[in-house]
Amino acid sequence: MYNLLKGKKGLIFGALNDKSLAWKVAERAYEEGAEFVLTNTPVSMRFGEIHELAKKCNTIVVPADATSVKDLENLIDKTMEHFGGKIDFILHSVAMSLNVRKGRTYDNLDYNFLGKTLDISAISFHKLLQVAKKKDAINEWGSVVALSYVAAQKTLYRYNDMADAKAMLESIARSFGYIYGREKKIRVNTISQSPTMTTAGSGVKGIDGLMDFTERMSPLGNANADEFANFCITLFSDLTKKITMQNLFHDGGFSSMGMSLRAMTMYNQALDNPIEPESYDE
Amino acid sequence: MYNLLKGKKGLIFGALNDKSLAWKVAERAYEEGAEFVLTNTPVSMRFGEIHELAKKCNTIVVPADATSVKDLENLIDKTMEHFGGKIDFILHSVAMSLNVRKGRTYDNLDYNFLGKTLDISAISFHKLLQVAKKKDAINEWGSVVALSYVAAQKTLYRYNDMADAKAMLESIARSFGYIYGREKKIRVNTISQSPTMTTAGSGVKGIDGLMDFTERMSPLGNANADEFANFCITLFSDLTKKITMQNLFHDGGFSSMGMSLRAMTMYNQALDNPIEPESYDE
Amino acid sequence: MYNLLKGKKGLIFGALNDKSLAWKVAERAYEEGAEFVLTNTPVSMRFGEIHELAKKCNTIVVPADATSVKDLENLIDKTMEHFGGKIDFILHSVAMSLNVRKGRTYDNLDYNFLGKTLDISAISFHKLLQVAKKKDAINEWGSVVALSYVAAQKTLYRYNDMADAKAMLESIARSFGYIYGREKKIRVNTISQSPTMTTAGSGVKGIDGLMDFTERMSPLGNANADEFANFCITLFSDLTKKITMQNLFHDGGFSSMGMSLRAMTMYNQALDNPIEPESYDE
Amino acid sequence: MYNLLKGKKGLIFGALNDKSLAWKVAERAYEEGAEFVLTNTPVSMRFGEIHELAKKCNTIVVPADATSVKDLENLIDKTMEHFGGKIDFILHSVAMSLNVRKGRTYDNLDYNFLGKTLDISAISFHKLLQVAKKKDAINEWGSVVALSYVAAQKTLYRYNDMADAKAMLESIARSFGYIYGREKKIRVNTISQSPTMTTAGSGVKGIDGLMDFTERMSPLGNANADEFANFCITLFSDLTKKITMQNLFHDGGFSSMGMSLRAMTMYNQALDNPIEPESYDE
């Protein structure tokens, strides 16, 4: 709508279906004049929806397991081939915890699963940046964004080992942001987004109650996927060149709230009838 | 019980009655072998309870309006006279908002009241430090502590202009902590305490609901006044000499929580029957 | 260039001359299709440069002392008259410390000066928001931005009572952001900008050394006024609707740095010849 | 000296030699009346110094690889056998990066090494907590402390993947602190310590320059190992029962400093002769 990304080339991870944050970013980036390559794991492509998106955005899909340096090397090569040169932006929206999926509580983690959580949700971001830098794949003043969540700072029950992965992800953004900034003028940031009803989000047990709470805590309400995409576009644009190594809260104000009148009004209903959790086995 | 403050001399602001945080600190400091002078505003002394405390702790009370440099000068002089020398620790537990008391909402502040809120709750801390430094009243490696609240970082409805005052108070602790540290090796910190059922706390509308929420959010529950006193003693002791310019959360974990199972269980009761605040006039 | 602010109306404080951050924001907002009213104190207008800017941007100037509720009421009235309706964005770039100007050190503050520092640099922001809200002057999803500095979080010698004012300013942005968000969907944020060679900045003693240090610490270097303006535009646009109550670092990465190789290389030169400050009287 | 830990039983990781933070903690804990078991990796014991410490403190050493759940299980079993019951405190002071040791820069990480860095420096803490909880090894109101560093928040060149490990370590302290707090009233915190001339510290290239800088930035100077031990004792004592899920800066004020006069005075010497790093290969 504004041509904010006119002439820019990018790479977008994590568009599973039209509820995905990455899907919305792709649509908006396309509207703003960007060209980009889409990627996701081979497994997540089996439903084929990403190809619809690719068609719509007039682009290609390159499958890659984000934990495989080899796959990432191939992805970057293919992307640079596609464009005949370097790119300007990357969105990393990749996360998964087998401990969460398999119902392991945080005091009963499977350490192989934890290793995978970290590899998929945090280390993959380092691998991507390292491969991109080695291949000199990003233009000066390029922009890299990864998706985070407030659990990196504050503990939310059930978020489990993903909290630790997000804390590490944000640290990687700072650590690599320093290196990539000083040498190539490339910025690296994370967006800490409201809980969102993506396919991933809707699989989280108890997400309804949490989203009601965060909605009522946040003066502007939860941020949705369309709004995420809009904000993401500004971070890819030339208007935010000096923002780097930051974790930016895009959450309707939630991260700065201690208690709102709306949430307290709901909570107070329960005061006459205090109840305890049935168990901690979750 | 441990003689942690044996031989130490101090000055304690804000002991109104036996529910006060400062009262508990005085009792514990006395047990730990400290001597100290008590002070409060002339007005708050009219009920006379502070004199009971003074008797119990075998000490004197020097009235002072903490917003008056003259009163503070007199207080420091009298305190040094009393001890025949310098002191080792100070507790600043002084705060008041006329906007809160008079029911002015945050979008309808009286700016004279705001000036008083800042003067009483934040600037008084600077005045105290400045007077103490000018009179060279504190021994090397002395320790100064002021009472803060998480509202300095996160907005809690109804906490009103006290939030801004606490943010400023914590900034003063940093700013003066730098100066006092480099020149006199004196440390300056704030403790961010759980909401507590002091006389001040119990006057806050809706404090019950909030305290139930923070109790259930905090894995260790709210910290009470006795526990505050214990922690405060460690900060006055020789065991924490290199901690300065910090805001230390003493809150059972609340400040690091996003959502607990216990609080969510309560909140979820209300999901079937969502209600809205009757008005925002508060 | 992008029409990002097409149709938007605003109000801009603090354009003194063409080095001012606010001046650059005005120029960029104009380029992006916005209309706005300019304001500054009567005193700062005596050099007349703001009128050049007004001409260039085809607008008017309404003088106002930002500490005067009456002036702010008049300003808002005039602004709404000018547009025949509500506005969409406000930039608050107003700060001054007489303690700094008069060379008072932080342990020798004049408390009248401190009162003025707070009134000009922090409370003025509350007054502006309160007046705007009472007059219902801002459209839904409007955006208000104030200028802050990292001194709100970290102590920098010589920044003096401005640090406390900025801490309070950021707190006001949160406190009022909650109220204005829940009732009118208006967002309130602060931008924490690199030290900048504005007229205000260049008056700070020792700014050269500090700017060299922050330049070498920041992987992307210091952010300048043009870059500030670009970022500010994104916050006024419709692309950042769910960002509120935030302090956003626009500083080339400085705020996330502990030590860079470039800064350390400079510092290490001095290791063979360690020197101490001549005095702390500053 | 105060009997602060009288009757308390503990477990201390990481005492390599008399420069180690953990060594000092052991000595101080012993002085304060605690009993404890010492542990370290079999490899680090080959110089035998830990046995001197054990003798001095009248205790035993149980070798354990902190990354091995089996070793940790054996360690906890042996410790509980030794005491005939549960313990009250644990110190985790375990960290190592092969990427740092082998001179791999952060944009050229070996991912096997990174896996080890995380396993040794962060995941070992989770494993320890999980094993301890499963074996119900810690008494109610027990205290667990791990050693962190400011690199978890701010990037310091050369600190490399240890920064990400420390960020994750602090997240684990929060995540497990929630679980262990709500179910067993056990608190979990990290101490973020000044750079210290331990055997580990002295191996870091360029540590001299950095320590000079942090010494001059910190109003109270760097915190040393003895001071660390003192602070650690307070966290193991009954005086800090409601502090949990926190990262506590014990650093002479460094973490709250933006720029000190002393550090700037040194830095300014280099302004006339600006130099650049010879290379970024470090």
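All chains are identified by letter, namely A, B, C and D, in their written order; residue positions are counted from 1 within each chain.
Rule of thumb we're sticking to: a residue touches a chain if its C-beta (ideal position, glycine included) is under 8 Å from a C-beta of that chain, and two chains touch if they have at least 3 such contacts.
This structure is a prediction, so every number in the text was calculated from the model and none was measured.
Student: For chain A and chain C, what is the smallest step count along a path of chains that touch one another?
Tutor: Each step joins two touching chains, and the minimum needed here is 1.
Student: Going by C-alpha centroids, which chain is farthest from chain B? Tell me that one.
Tutor: A
Student: Could you work out how far the Cα centre of chain A sits from that of chain D, in whole Å?
Tutor: Taking the average C-alpha coordinate of chain A and of chain D, the gap between them is 31 Å.
Student: Could you state the distance in Å from the CA-based centre of chain A to that of chain B?
Tutor: 40
Student: Indicate the residues of chain C shared as contacts by at least two other chains.
Tutor: Correct list: 154-155, 157, 174, 177-180, 182, 245, 256-257, 260-262, 280.
Student: Across the complex, what residues on chain B touch chain C?
Tutor: On the chain B side, the touching residues are 69, 105-109, 111, 114-115, 118, 122-123, 126-127, 129-130, 133-134, 152, 154-155, 157, 160-161, 163-164, 166-168, 170-172, 174-180, 182-183, 245, 280.
Student: Quick check: in the complex, which residue numbers of chain B touch chain D?
Tutor: Interface residues on chain B, with respect to chain D: 2-4, 174, 177-182, 185, 187, 194, 218-223, 227, 230-231, 233-234, 237-246, 248-253, 255-257, 260-262.
Student: Can you list the residues on chain C that touch chain D in the complex?
Tutor: For chain C paired with chain D, touching residues are 150-151, 153-159, 206, 208-210, 212-213, 256-271, 273-277, 280, 282.
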